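Listed next: structures, encoded as structure tokens.
The same chain A turns up in both complexes below, where it pairs with chain B and then with chain C.
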Partner chain A sequence: MGNVIDLDAKNYKSLLKNYIETQDEKFLYRAEQISKSFLKNNILPEEIVNLHMQALDELYPSLSGEFQRSMNFLLETMISYGLAHQEFQTLREEQLALKSQIAVAASMQDTLLATSKPNIEGLDIGVISVPANQMNGDYHHFIESNDGSIGIALADVIGKGVPAALCMSMIKYSMDSFPENAMQPKSILENLNRVVERNVDPSMFITMFYAQYQPKDNKLHYASAGHEPGFYYNAKRDKFEEIEAKGLVLGVSLDAKYHQYNLHINKDDMIILLTDGVTECRQGERFIEREEVLNVIRDHAHLSAQEMVDRVYKYFQRLQNFQLRDDFTLIILRKDV
Partner chain B sequence: MNLDINVTNLNDKSTCAVAGEIDIYTAPKLKEAILPLTKQKGQLVEVDLENVSYMDSTGLGVFISALKSTKENDSQLKLVNLQDRVLRLFNITGLNEIMDLNSTIHGGK
Partner chain C sequence: MGTQSCINIQKEWDIVGARQLGRDIAKKIGFGTVDQARIATAVSELARNIYLYADSGKVCFEAIETIDKKGISMIAIDSGPGISDISLVMQDGYSTSRGLGAGLPGVKRLMDEFDLISEKEQGTEVKTIKWLR
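This part shows the complex of A and B:
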């Protein structure tokens, strides 16, 4: 590094001389280039002033004593800037370290919470889940049971980032520990509610929608813990209806009870589940209305469920200038036989 | 967007007039203002949300922790003048069933 400084110091001196003699702007431009090299090599402001003083001294030995003393004075005033720069460097290194730790945590989360779309004959499933930051506070999970039914869990932890992600892992492990015969939507929510209530900070809560689809009788059983309402598309009447399901968010009241609802699904009907990252999308000051989501789905209804969710995501991503404010999860189920 | 909180105290009642947007950035300020009030035994804490045009789930979190605190400290929490968009959040999450809400204002400003 010493060589770089020496080289730049020589350069600096000759540029300074050229500029003073010709006042040609190209030397100013080259001075700017040198400052980049200084910055890259962590040369502090007071060192540059010092360099300047030396160069001047060599080029114009007859400069007044007052002027030289004023340069000493300037040098002292630069010292705090030098310290600030060093601090900035340290912070930048620390930030890089943190970032890489979070990246490791995020990939652990991906592994822990991994779920795969089940292959159920006659049911077309589309899923997209995109975190606003590195770690996702939305959670979805598919569970295939021995009796041929599938469970679909969709949850949203209040807040974003690392705390939300830690909370998700807790949900996942609790669900894994439930015995299979407890897998009724309402009992799942009641059990989870107790786990969350006991284990999270009072200002934290989770919303969750749990559905169980039984292909044998085309019935969807579901319950909601304060989750953003999804939609049911009735193909025969070509109409979207809000899936109404009442229930308190998880983690607020230890004895919360959940009601279980049923829905009969016919050919081409759709179930649309989402998190509030979808409906809380904002375009500048304008809020995206829930109907708008449905219009986009309707426009792409001829595509497969996966293509539909991808298109809806792209649509809202474009509206928000590709800056997601919140985690975004959308699931579409369509009965295709 | 900022959040302004104006607290007035009269005997056992504190009124917090809140104005602005409650989100992940402003929620800590709201929590700091409300939570200590709910820790006073017998206190009625009334939060006026007439001038809150937007609230996200972090805001709900603040009110949930305030509600839990009222139960521990024998105080009361009441939310008044909720705009429709804000009220909808309480309705969806089922919190309307366990919180004292009074929404007389309808529609946005």
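This part shows the complex of A and C:
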């Protein structure tokens, strides 16, 4: 550090002299570069004022005593800025360390909550889930059963970030522990509700949608715990309908009961499941309308389910200036045959 | 070893006296303008802590010398309530975010050596040294 300031001291003095004599912009440009070098080498403001005082003293020894004392005064006022600068430096380093710890947690979460899209003949599945911050408070999971049916779980913790993400691991491991005969949507939500009620802080809410698709009879059985309603696209009538399902948010009441609904799916019909990160996208101060999501889906309906969800995500990501405000999860199922 | 000079801190005005004494001793030892200003700021922080949190206390200065270096030693002693969570007050951002200035971490940065002993209901002693380079 001493060397840098010695080297820059010579430069500084000659630049200052040149500038005072010519007022040429190029010397100000060089001053800007010196200032960057100071910053890079952690030279504090009081040291720069001192450098300036010394340079002036050498160049113009006859400058008034009043002026020199005024520079002393300025130097004194810079001390706290120098301290603040050092403090910010330390805090920035701490922040970097924290960020890298969260990155480790996020990748651990990815491993813990990993799920793979099942291959079911005649069913085209598209899924995208993107966290607003590093850790995802949305959770989706596919479960293939021995009887050929698939289960689709989609949950959203109110809140985001690390606490939400921790909560999601609990949901996943509870579900893993349920016996196969309890995999009806209604019983899954009832069991999870008890787990959440007992284990999660009352200020935390989880909404969840669970659907089971049975390809043998083309039926979708589903139940919802206060989750953002999805959509059913009826290909024959070329219309989107809201998938209505009533049910209390998980964790509110120990003995909450959930109603199970079912829906017959025909060729080219679509099931669209989402979290409120999709429907609560905002463009500036304006919340989008739920219909807007459907319009974008409709625009891309000729694509595969995966391409569709990717396009919808890209559309809303751009609409929000590439900064998600909430975790974003969208699942589309389309019956191909 | 030189002799100790102390200033009692009771009124806010005493902080100024402590600064002046610290600066004069630093100047005599041979510290430059920048270091004089840093030492004065450290004195301010220590004296201000006494003024704000303890009924009374003092700041003492001493010119010190080893075989190969010279420096200034400052000790701030008070009989105040003590610091209950030292780690907290030594944390960056704790004092500044409360508008209380650079705080003890600031003193530690301004000086070369820093030591702190605090007992609940008995008081606090901060010892710092800055070496002349």
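Quick note on the criterion: the second predicted complex is superposed on the first by the 337 of 337 C-alpha atoms of A that agree within 3 Å, B and C clash if a C-alpha of one lies under 4 Å from a C-alpha of the other, contacts with A are read in each partner's own complex, and residues count from 1 in each chain.
One rule holds in what follows: a residue touches a chain if its C-beta (ideal position, glycine included) is under 8 Å from a C-beta of that chain, and two chains touch if they have at least 3 such contacts.
Bear in mind the structure is a predicted one, so any value in this text is a computation, not a measurement.
A.B. asks: When the two structures are laid over each other on chain A, which of chain B and chain C touches more residues of chain A?
C.D. replies: The partner that reaches more residues of chain A in the superposed model: B.
A.B. asks: Quick check for you: in the superposed arrangement, does A:Ile158 touch first (chain B), second (chain C), both or neither?
C.D. replies: The answer is first: A:Ile158 touches chain B but not chain C.
A.B. asks: Kindly classify A:Ala9 by the partners it touches after superposition: chain B alone (first), chain C alone (second), both, or neither?
C.D. replies: A:Ala9: touches no partner chain.
A.B. asks: Between chain B and chain C, whom does A:Ile79 touch in the aligned arrangement: first, second, both, or neither?
C.D. replies: second
A.B. asks: For A:Met204, select first, second, both or neither according to whether it touches chain B, chain C, the two together, or no partner.
C.D. replies: The first partner, chain B, only.
A.B. asks: Report for A:Val130: first if it touches chain B alone, second if chain C alone, otherwise both or neither.
C.D. replies: Neither partner.
A.B. asks: So, does A:Leu248 touch the first partner chain B, the second partner chain C, both, or neither?
C.D. replies: first
A.B. asks: Taking the two structures together, which residues of chain A meet both chain B and chain C?
C.D. replies: none
A.B. asks: Any idea which chain A residues touch chain C in the complex?
C.D. replies: Answer in residue numbers: 46-47, 50, 53, 72, 75-76, 79-80, 83-84, 86-87, 90-91, 94.
A.B. asks: Where on chain B does chain A make contact in their complex?
C.D. replies: Touch list, chain B to chain A: 24, 31, 56-58, 60-62, 64-65, 67-69, 85, 92-95, 97-98.
A.B. asks: What residues of chain C sit close enough to touch chain A in their complex?
C.D. replies: 32-34, 37-38, 40-41, 92-93, 96, 101-102, 105-106, 109-110
A.B. asks: Which residues, counting only chain A, touch chain B once they are in their complex?
C.D. replies: Residue list for chain A touching chain B: 156, 158-160, 201-205, 207, 225-229, 246-249, 252-253, 276, 280, 287, 326.
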